[in-house]
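Take a look at the structure set out below.
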């Protein structure tokens, strides 16, 4: 499995509706957190190895109503 | 109680009407100051512990006329 | 009374000792909060009108052990 | 439980030793990921409600060898 | 008297008409300079002590045709 | 006469001694103000037309004890 | 041959269609990668020496549907 | 003669037409180069001493079709 | 194979010796280019799928003499 | 001939000595200007086509006493 995080800027006043849409409409979503700071959401996704992370962000995540911009953080290694 | 501050950018020329709306329409407001620098307002809020700060910022503060962007500073500890 | 806030960056690992020093050594301090985000502390001060805010920040606040940089937010108006 | 994430910049060439130290020396650690982009690590922590997140970051996390700077993202709400 | 400076970004091609409007329409104006660099104008104002600088910037300066954004520099002390 | 302004960052805790040195040691100084925001001082200088502003900043202003960095704002036109 | 890279920001949700258009419509394209971080695509082009890189970016690349902004990195030397 | 440079951001896809317009329509232009990096053009102008550089940038250069923003670099001294 | 790019800032005056060291000492290197702009080098690497990109950057690339900071761009998809 | 510009940050107080050294020690120098704004110098160089601009900046320009950092602007086309 590939693990990656995406910092998401939402339309003003739409952070929570956007987070709920991401959880309900995208099955690859592991967690979504509304966060303090410059971005509004931090989301964690799992994709099977052969899947293309970039296409997923573009064709799935960025199609969600309320998503204004995304910054992908690829997780190279998990120290659990 | 949770204490947190929000730096607020207002629509051009709307800083004071926005501040007055925040004070009058949002009971959780403790203080609002018009400030120098990059942002226009610094507001301080108190929420009871079980309340969700992110939802408050999104569903209440960001709905106020004149609020253009917000940057939440969570206060971990108050040294009074 | 003049009200102003100062965002403070502290030496790594010294945020809390710095906050305690500001509270105990500077009588003009109203509140100090450790905060999330780019800065470590948000402090609120009251100075009598004739006092020079700049000199206070330079000669008093910046002399506290652990203070690495400061960004002063002058409060023009308090909407209480 | 409080959930929060911290973006961590490490000393050059010390990302992995720092990550391992965080995992082994800090029991509140849930996950640590080495990540692409401007920061080197994204760490997730759980603290019991009465604990002070700021003090934890300052007195525990920032004391780990190799940690150069930290940016705390408080998680207001988890949409699981 | 309170002295303060405001860095002003003007609409493209409107720097000089904006400067002239500020001089002619705002009696508290001491000087306005068109400047090199990121901003277009540097203006100096004097307000009597009881006046609210923030309200002046919002309700007077930001109402001038051609003003797109402002960054207020409060002058704490003048070394003349 | 050439008019120009210089935003000056000072060594921590040295803003006022630096300002006093600039006033007393540099005759071309018109005004120096300690200011809020990212920089510590805003200074205004007058140079006769044939003088080289860049050399003045480098060989005179930057030699003053406490000056850490400078950002020159050339004033093209004064609307007095 | 001149080698250069261009970092490309695409319209939200259009990264892959933009990449495919660049590959199919621009014969000078060597590679296009969707990437993590602030930009969406990293593209590599070869132009014969007499060609004008700037004109190519402006008149060809920036005409592709979905390209919002470009940052050209000229490759001075390839260490293969 | 006054020498100064202006970094110019152009509308997407309009860099070359803008450059040609600057050359043909503005006689004070010495050189215009399309450049790599964040800006699109670097232009060099000569103005007689009594002319106001700021007004020239505002009333002449910024009126050229395709110019989106400008950053003026005043040349204090030429070491030829 | 995993493809990724790394933007590299080198010690002043050491760009070319650093590039040569990367080419000769790191077999996973595909290309290294000295580039214009804020960074000095753009390097392309191939790692087999099971390898950890983060560890490679930290334990191998960042150990090369002259490397001051790195910014990893993970390539999700290559449109060749 | 290749034309390119380099924005140069100099050690505090060393702008003019650095500029003079660049003029006298580097024959490829066409012009050097001390400039307003964030950088201290703007230099213009001509290199014959087969020369490597990156190596020139690294091995020649960055070796000059007083040069602290450089930002190369490649000139794609000159509109003279």
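To keep things simple, chains are lettered A, B, C, D, E, F, G, H, I and J as they appear, and every chain counts its residues starting from 1.
Simple rule for what comes next: a residue touches a chain if its C-beta (ideal position, glycine included) is under 8 Å from a C-beta of that chain, and two chains touch if they have at least 3 such contacts.
Here the structure is a predicted model, which is why all the values come from computation and not from measurement.
*Asks:* Once the contact rule is applied, which chains count as partners of both chain D and chain H?
*Replies:* G, I
*Asks:* Please identify each chain that touches chain E as well as chain I.
*Replies:* H, J
*Asks:* Among all other chains, pick the one whose mean CA position is farthest from the mean CA position of chain D.
*Replies:* H
*Asks:* So which one's got more C-beta contacts, H-I or B-D?
*Replies:* B-D
*Asks:* Nearest whole angstrom, what separates the Cα centre of chain A from the Cα centre of chain E?
*Replies:* 42
*Asks:* Counting only Cα atoms for the centres, state how far chain C is from chain D in Å.
*Replies:* The answer is 26 Å.
*Asks:* Counting only residues that touch at least 2 other chains, which ones in chain B make the list?
*Replies:* In chain B, residues 16, 34-37, 52-55, 71-74, 76-77 touch at least two other chains, as defined above.
*Asks:* What chain pairs are in touch here?
*Replies:* Going through each pair of chains, those in contact are A-B, A-C, A-D, A-G, A-I, B-C, B-D, B-E, B-F, C-D, C-E, C-F, D-G, D-I, E-F, E-H, E-J, F-H, F-J, G-H, G-I, G-J, H-I, H-J, I-J.
*Asks:* Enumerate the contact residues on chain D facing chain C in the complex.
*Replies:* The touching residues are 4, 52-55, 57-59, 62-63, 67-69, 71-74.
*Asks:* Can you list the residues on chain A that touch chain I in the complex?
*Replies:* 49, 52-55, 72, 74, 76-77
*Asks:* Which stretch or stretches of chain H touch chain I in the complex?
*Replies:* Interface residues on chain H, with respect to chain I: 36-37.
*Asks:* In the complex of these two chains, what residues of chain J are touching chain H?
*Replies:* That would be residues 3, 5, 16, 19-20, 22-23, 31-37, 42, 71-80 of chain J.
*Asks:* So in the complex, the part of chain B that touches chain E is made up of which residues?
*Replies:* So the residues of chain B touching chain E come out as 10, 12-16, 34-38, 40.
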